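Dumping the structure here so I can ask a few things about it.
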Amino acid sequence: MQGLILKIDCPDQHGIVAKIASYVADYAGNMTEFSQFTDAVNEKFFARVEIDTTHLSVEVEDFIDGFNTLGKSLHATWHFRRLPYKMRTAVLVTKTDHCLNEILWRTKLGEMPIEITSVIGNRDTCRSIAEQAGLPFHLIDMDGDQKEAGFQQIRSILHEEDVELTVLARFMQILPDWFCSEFGGKIINIHHSFLPAFIGANPYRQAYERGVKLIGATCHYVTSDLDAGPIIEQEVKRVQHFHTPKDLMRLGRDCERNAIARGIRYHVNDRTIIQNNRAIVFPD
Amino acid sequence: MQGLILKIDCPDQHGIVAKIASYVADYAGNMTEFSQFTDAVNEKFFARVEIDTTHLSVEVEDFIDGFNTLGKSLHATWHFRRLPYKMRTAVLVTKTDHCLNEILWRTKLGEMPIEITSVIGNRDTCRSIAEQAGLPFHLIDMDGDQKEAGFQQIRSILHEEDVELTVLARFMQILPDWFCSEFGGKIINIHHSFLPAFIGANPYRQAYERGVKLIGATCHYVTSDLDAGPIIEQEVKRVQHFHTPKDLMRLGRDCERNAIARGIRYHVNDRTIIQNNRAIVFPD
Amino acid sequence: MQGLILKIDCPDQHGIVAKIASYVADYAGNMTEFSQFTDAVNEKFFARVEIDTTHLSVEVEDFIDGFNTLGKSLHATWHFRRLPYKMRTAVLVTKTDHCLNEILWRTKLGEMPIEITSVIGNRDTCRSIAEQAGLPFHLIDMDGDQKEAGFQQIRSILHEEDVELTVLARFMQILPDWFCSEFGGKIINIHHSFLPAFIGANPYRQAYERGVKLIGATCHYVTSDLDAGPIIEQEVKRVQHFHTPKDLMRLGRDCERNAIARGIRYHVNDRTIIQNNRAIVFPD
Amino acid sequence: MQGLILKIDCPDQHGIVAKIASYVADYAGNMTEFSQFTDAVNEKFFARVEIDTTHLSVEVEDFIDGFNTLGKSLHATWHFRRLPYKMRTAVLVTKTDHCLNEILWRTKLGEMPIEITSVIGNRDTCRSIAEQAGLPFHLIDMDGDQKEAGFQQIRSILHEEDVELTVLARFMQILPDWFCSEFGGKIINIHHSFLPAFIGANPYRQAYERGVKLIGATCHYVTSDLDAGPIIEQEVKRVQHFHTPKDLMRLGRDCERNAIARGIRYHVNDRTIIQNNRAIVFPD
């Protein structure tokens, strides 16, 4: 399909849908999907629109340009994306490969419209998986006092490879504030959060000792406040007393794979809108 | 909130959303929720719109009347409902009371905007529950050759009490075709369907013998083809080999209570649109 | 069934199952269910045994007495309960009635072998529900400086009514340490925990602002460290951005009802064994 | 761990657990896990026992041999397996690779104690995946009248490679009766069953038209009555009206991957016992 996705948010006001929908109809666009959310608490309007542009009466560029006047009059923030597209995505890893594998497999199957630019690791463990998939692998030394230089190197790679989305697929490094700021809203992390959350070393042992009956994982945008960014997706599984810390890790992996796969999919399909510390998600 | 819910479906065509939203905006209605679905396979458009009419520039009747011209031009089927409202609902039972109890409790709590007109039973078992809740209870004899007369009696009650929705809350009688036709789209049933479905006597014993790992329940609209009407909601639970037929019944009850409660809620909030043999549901 | 449930835990050692099972077989008891868990991390053995005593070759008292020698030789803690039995249970409430209703309904249906001795409230709201169910209702003033006296009063009632289990069914009072100690392992609470947990006032508003995708509830034993006692059962539900704090409360109620019902059922069927800060649960 | 798994089933009778546990204890075996199920309906006893043989007072062979006398006296069927072990497993595929990938990944991670002997396909599509994983790939022509010969060829491969378990990982061929009989209880299939089941061509289109709210997959043992063998595991996911047949296939794949992975894991860890048309499963 030749098309566009429009994401927009603005202060709530009368007639927004009419104005947007009329603009699309005036130039013979066909809205194939329209998702909207009015946050009555914060008086904000959010929408995601898919438009079939096959029969558009103007050039797509002109259609996009012309929206400026309407957008500004609504005091909106908005974004158009052309379809079909593939989002240029870098995957950051350390040793663990289950999230990387999941991303590779779903990408190959066409479930996620991304083009993986490279895999970047601070350990060499995932190199062979990357290379078998025909992807460049960058080994970055981040140990000890190399950490800051390492993040500068990653920054360079992301710029050189024109990366639009960075996925932390079990990347075991805390990101510096400047990095989070520079790539704000473009970094997705998977957090092996036990529920209730366990802080400190060896969370699986803690979960075992506490006898939780559910474990889970959280996929979220990264902000400088690590693990507290807007949540995109969460997943849980039932566990029992006989599950050892090792079993909990195994079941946790399944939660992580599912949550990160859905989280990326929502992001690259423009199904998320960040509002302060939360993410509006229009799931598919 | 003073408001309206508009449900509409029509052949898919360009500019529908713009036309509907503009109509609302033209008379200073405020769309607080807009859910839409384009069925590309069948080329149909479906929408549900919630409109805050507080600042409407015309009388609500005139707003509703005026929509006729637009609706007809779209070759649409549509329906307006005024908010707040409570749907007049009759609950039909036999012996089992768990679905009835669930409905009573959620109604009392304000979770479902219904007004229960009466409880109708072909056994006397649920009389005390109905009466404790301050509701009329009609005992209808449907045994043997009284069945047809019984349904005629129920029909009379539904008309006299001005019933808009009939809920079969474990009502163990097969409805005659004329009854299904007369109240088409206004009868909701809960089916204790095991998955995969077991037909014939004693389904719980069959499920036990087959060793299913999931059981469930299905809430659906009633058509003359019993248990095959449009599905509104389904619910499942995990089971294991040690669950006896009696345990399966217990767990099945929980599935039924949840599925029927959500199914009624969706219906009375106009979140369902029947399309042939399926139900479009905009969940909340 | 005439029978016994044996719960036992002891340091792990060779031959425990053989010794227990042989003891039962020696006196013609029939083990109908045997659940066991060896905690390799802490080198502890836990078991729950259901014994059909119909053909026992000795008196039940003598069977129970005779186990002393074996139990002591294993350095075990153990407990026998005679079947059929109903556990004498008090339900403590404040204003909210959904957990109380769930308990009453499941008790009536025979799903939970308890006998409710009375409902105790620090508000009068649930009186009519209790009385309609034919149960005594005690109103206890716990406001301001009446709190300590109030707990003394509850203590007296629990003793007078020979209560074995106290259920906090949305009882909005923090229990004094002496109360937790005196009834240790015999108080079950339901915690409206959002996941991740939100502390402080108005957790539902906080969950909304944080945009969680899952909410839940936790049923646990009460210890003096409130909300941190051994977890018996947890329940979660998916939520989305459009769920208002009020919706989250509604969905949270469903989590609470399910979790508390299963938690009580496990406890009264002796399916839980407390080990330090966690509960071993043999679910049915 | 040096150890044994014992699976046993026999007519229910007094003292079974005592006899088995005493036999183990008499020769200084340590039961680390004991799972038991008494089927009161059919008067059958089932158990799975894990035994640590580190300190066994006799040779393992002698321990296994000596059990004969007890086993026969109980009129039991039983089986010992030595730990650690890896089950020799063949994976049969056609074109689709998601189940194969899942099996390869979990095997590599050590989640499933299997050794994949080869991948066998009636299409060449999965060859590269197999070869990248260092596994032999056998292409078998089964088209038209080659079908019977094809199954004879597979039979030869299974015998030559000493295969203990055959997994149909989306193998789109109906097995001949003789094949099912010869490898009875040693073939696991994943069935893309929609719930309720749809028969005939294009089940995903049918599910879409019916508007089901849940889809699922079933992992089961293969018997000559295809898709009706004992169920090992089932998995479901929620779907909505907007999910196209293609979406349903995507979500169905996730169900299939999860169900087959758990199903295989249960089988190779001897956690399943087939009883007539159902499988007793002691999950971990």
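Letters A, B, C and D mark the chains as written, and numbering starts fresh at 1 in each.
Criterion: a residue touches a chain if its C-beta (ideal position, glycine included) is under 8 Å from a C-beta of that chain, and two chains touch if they have at least 3 such contacts.
In this text, all values refer to a predicted model and were calculated from it rather than measured experimentally.
Peer 1: Provide the labels of all chains in contact with chain B and in contact with chain D.
Peer 2: Touching chain B as well as chain D, we find A, C.
Peer 1: Taking each chain's centre as the mean of its C-alpha atoms, give the chain farthest from chain C.
Peer 2: Computed centres place A farthest from chain C.
Peer 1: Any chance you could check whether B-C or A-C wins on number of contacting C-beta pairs?
Peer 2: A-C
Peer 1: Let me have the rounded angstrom distance from the C-alpha centre of chain B over to the C-alpha centre of chain C, please.
Peer 2: The computed centroid separation for chain B versus chain C comes out at 36 Å.
Peer 1: Distance from the CA centroid of chain A to that of chain C, rounded to the nearest Å?
Peer 2: The mean C-alpha positions of chain A and chain C differ by 41 Å.
Peer 1: At which residue positions does chain B touch at least two other chains?
Peer 2: 40, 242, in rising order.
Peer 1: May I ask you to sort the chain touch graph into line, ring, star, complete or other?
Peer 2: If you draw each chain as a dot and join those that touch, every dot ends up joined to every other.
Peer 1: What does chain C use to touch chain B in their complex?
Peer 2: Spelled out, the residues of chain C in touch with chain B are 98, 101, 105, 109, 111, 132, 242-243, 247, 250, 254, 258, 284.
Peer 1: Which positions of chain A touch chain C when the two form their complex?
Peer 2: Chain A reaches chain C through residues 37, 39-41, 193, 195-197, 208-214, 216, 230-234, 236, 240-242, 244-245, 275-281, 283.
Peer 1: Please output the residues of chain A touching chain B within their complex, sorted ascending.
Peer 2: By the definition above, chain A touches chain B via 14-15, 17-19, 21-22, 24-26, 28, 30-36, 38, 40, 55.
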